[in-house]
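Can you read through this structure? Questions will come right after.
Labels for the chains are A, B, C and D, by order of writing; each one numbers its residues from 1.
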Amino acid sequence: MSNNTLRLEGIYPPIPTPFDAKGHVATKALTGNLRIWNRYELRGYVVLGSNGELVLLNDQERLRVLEVARAAIPADKLMIAGTGCQSTLQTIELTKQAAEIGADAALVVSPFYYKGQMTSGVLIEHFHRVADASPIPVIIYNMPACTGIDLDATTVTAIAEHENILAIKDSGGSLAKMAEIHRLAPLSFQLLAGSASFLLPALLMGAVGGVLALANVAPHQCLAIRQHFIDGELDEARHLQEKVLPVNAAVTRGWGVPALKAAMEMLGMYGGLPRAPLLPLSEDKKEDLRCILQEAELSALG
Amino acid sequence: MSNNTLRLEGIYPPIPTPFDAKGHVATKALTGNLRIWNRYELRGYVVLGSNGELVLLNDQERLRVLEVARAAIPADKLMIAGTGCQSTLQTIELTKQAAEIGADAALVVSPFYYKGQMTSGVLIEHFHRVADASPIPVIIYNMPACTGIDLDATTVTAIAEHENILAIKDSGGSLAKMAEIHRLAPLSFQLLAGSASFLLPALLMGAVGGVLALANVAPHQCLAIRQHFIDGELDEARHLQEKVLPVNAAVTRGWGVPALKAAMEMLGMYGGLPRAPLLPLSEDKKEDLRCILQEAELSALG
Amino acid sequence: MSNNTLRLEGIYPPIPTPFDAKGHVATKALTGNLRIWNRYELRGYVVLGSNGELVLLNDQERLRVLEVARAAIPADKLMIAGTGCQSTLQTIELTKQAAEIGADAALVVSPFYYKGQMTSGVLIEHFHRVADASPIPVIIYNMPACTGIDLDATTVTAIAEHENILAIKDSGGSLAKMAEIHRLAPLSFQLLAGSASFLLPALLMGAVGGVLALANVAPHQCLAIRQHFIDGELDEARHLQEKVLPVNAAVTRGWGVPALKAAMEMLGMYGGLPRAPLLPLSEDKKEDLRCILQEAELSALG
Amino acid sequence: MSNNTLRLEGIYPPIPTPFDAKGHVATKALTGNLRIWNRYELRGYVVLGSNGELVLLNDQERLRVLEVARAAIPADKLMIAGTGCQSTLQTIELTKQAAEIGADAALVVSPFYYKGQMTSGVLIEHFHRVADASPIPVIIYNMPACTGIDLDATTVTAIAEHENILAIKDSGGSLAKMAEIHRLAPLSFQLLAGSASFLLPALLMGAVGGVLALANVAPHQCLAIRQHFIDGELDEARHLQEKVLPVNAAVTRGWGVPALKAAMEMLGMYGGLPRAPLLPLSEDKKEDLRCILQEAELSALG
């Protein structure tokens, strides 16, 4: 039976999948990185999200990454597995496999290839079928920058009526929409900010936490923004959020996964190369990135 | 000399321009409406904004509306005049006329017809020429839903370096961008939320207030959201913000100026008809609107 | 009574409005340019279109440009006046004034500022009111690159049912849509390509001609493309069309009106400066433009 | 060695993948459908394109469909296999497998998930790596409606410089862009229209044929449009193209694959259900579709 009372409060890095020089999944590096992140008060991890290059992995690799990650993630931290595929059936299969491996919840991106046919009704039906079949709670993943589809509040609310739909990770960035979802969805439905660039205002509007690429390289700062907010220290929270904005921009919409991996390398973790078609960050941009990290006073993690 | 230390903290309704049955500007209705709004602790008004149907008025009507409004606005409340035209020269002329009539500041929408040519450099040059020539401080108006142009943080920050550029009214709704502008712009540069749908998170990220269509029909609630925020009553603030969301949606992106005028009529003020091509709200939608106002417990103003 | 049987077959340059060094309308230059264009078999001219900087002219200037142009345009060539404003009323007024000055037809861009409210019904109503009031036939102007609104085939067809709606100038570039309009609209309804970049395929799909920025600097080539098509010389037509593509791109979506004016100057006509916010073409880009003109073997007109 | 002189002139249906009542690939139905299409002078087939629901099939199913299709496609007709995945490596693997099964060329959609990183350079590198490794010629697949990425002419031309890049199937619909590609790319580079909605103008601008969803249900008409064009019967070509526009709209951007399968069923072929998240066409829409087929005078194929 699904644990639909799972509480998600907290910060989650959507961890990258490390590759070795030959391009294979570097399982030891994955374990090593998790050991470092485990030192922080992170609530858990998203494995196989957009930053985990889910769409660039084959079926075997996906399961292997989940297994290795689960072994390295303590029982008191959540493992949220990215399991959204274009096909409803494949999404269900991957979700079941993830559950078997020990994932606590599944993060399911909206299908998007047949954009013209992805009406509200089609999307609701897809998520409900997945939720029906899933042994673990399902988190809706709204990621318009990658999918070209931006779920509206009405659709999200309708999806949320299913008891096995636990939350939404919204990377769209519309606070008005987050407020509308918070107003309309069941009380138990949880909101997670999908980017550190709007973590603080999202918390104010009712989000319980965030899945933040930035948390891979600045876990301390992401946790501190949330703690300041909880403690009512709004000025400190805002100051910190503003300070990390340039790093966040660099490792997300700016230069993406290649920059995230480069930044991890600079901070003493295993970064490695992204998988093609993604190309490694150029030397010029690496220099820029180094400056951005320094200005934000990020310190080594590893 | 321009008053570039003008403090904008507070709430501003961008007031509609009332027309009589023949379609002429209804000056008495304008005065009457302002008398009602003057009872509230509003910081001032935007006259000739998007909701003021600026683009549908001829030159004479624009000046007449400003004169009538100024006469009805007490000296301790600000009159911000919408003066942005496609042409730099016409913008400057209207800004000077507005200043002469007594406007405290000019709200200048980014020019947008020649979108392909509206590079960052062209926009900066435009705003700086206007600011050079303007006897009153200039507020940047970013309104992507109408203009199809969304000023980025770098461009805004460059424009803001001019000493006669006072603030930005941002209707785009990206809190990440507002945070970025707050981080980069001069300390004296002020941010105003352009919609009640994100007033509260905008205040958190450093906005000093808002220019809110909703404030025309729910001035008390808009003021209360801000006051709760100032008093650290975040839950009350969020609760109130969520409650008014449907009204805000109806009178802005949903049904626009026709709905705003219909709502004012329902609340005891002068609404009247919009000017063509805008058409009056249909009877069906009026019925829906009435329900929305009731559910939000808006009470008569007039 | 309106001449709704006016036949539009042919090529029309949407002529730029020349300004003198002080920024005033340069009426002699306008006359001089028209004398040069009059030597070609152009069917007529669009005066006060997007390239005529309509939105940057004040009311007096608009009428002056129409008067000067009409005096310089022979009776056997058509003068189509751009008269579309945001307001239905102002559009009607300018259309009537243009008719009085001698315009043969009015080119009316869809209103677009209140994008959210510009439903199909609102747009149909607008165009029908204008057509009702206009003493001259009305041509719909679909210009998504500037307006952010792309009229669909169904809306255009509904507008076209009015007997005083003569044609559409479509700058959107979807041949599928042009075919759909050709299929659905009354037989008498005429289509004009809005850009030389798709003149030839548009002629194939039923367009009777084009309003082409390129025709200002390459009237001979634009006429020849059409003549080759009429004569069934499709290869020659395509070859010529491909040859002028780079010039067309430069003076339209690439660098816009500033480049069009610079190119005219290079070809012996009066170009002059664009009006701010548009800025003159930089020296670097002028050099590029010169090369583009040479490669396309454009020869001096003046 | 790759056959980079393969001539693509002609019409190709991108065939749907049939599923049985249990949702499994219906191999006999696939063979049966191909037997019917084989009666027409089609140049070949695209197997595993967007209409083949490539993104909804697992690895085994993809190979099975290719094998069954190849067995049913005569040697004198081309089998073009859709092999584009998000990952460069997976694209190469699937391309090699398709080649081994007997595909004549590979249709490779641009990767698109990491939109922000899909710069011109990244896309060129991706296609060149695939072309380097592919034993069969590669056709670029530009499909902005599904991918959210619209390859520009400069990028396409740069990709086309590789000797194993044979052609582009462009579903974007910009004839100006097709003309630009035709002007800039190597003489041997071939263009295919990606939709029947602009087949005729594309042929005029240099396309050698088309990959047309419509050709699944109206092969005769699609072939006739091309033949009329070749014979210089432009009016007949245009008339026919206009006539089939509504059918094309219904089975593509209107209602997509579900409508294509329903239309096939109505015309005596095997249609079957689409795979979830795609849902079967509703009864109401089926009724509309039936009328559309009748008005276009489509006759049974099976």
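Keep in mind that, in the parts below, contacts are C-beta pairs under 8 Å (C-beta built on N, C-alpha and C of every residue); 3 or more make two chains touch, one makes a residue touch a chain.
Keep in mind it's a predicted model, so treat the numbers as computed, not measured.
Between chain B and chain D, the least number of touch steps comes to 2. Interface note: chain A and chain D, two copies of one sequence, contact each other through mostly matching residue numbers (shared numbers exceed half of all numbers used). Each chain gets a centre from the mean of its Cα atoms; the one farthest from the centre of chain A is C.
If you average the CA atoms of chain A and of chain B, the two centres end up 36 Å from each other. Measuring from the averaged C-alpha position of chain A to that of chain C gives a distance of 50 Å. Among the residues of chain C, none is found touching two or more other chains. Of all possible chain pairings, those that touch are A-B, A-D, B-C, C-D.
Residues 23, 50, 55-59, 86-90, 111, 113-118, 121-123, 125-126, 129, 145-148, 253-258, 275-279 of chain D are the ones touching chain A in the complex. Taken together, the chain C residues at the contact with chain D in this complex read 173-176, 179-180, 182-183, 195, 197-198, 200-202, 204-206, 232, 234, 238, 241-243, 245, 249.
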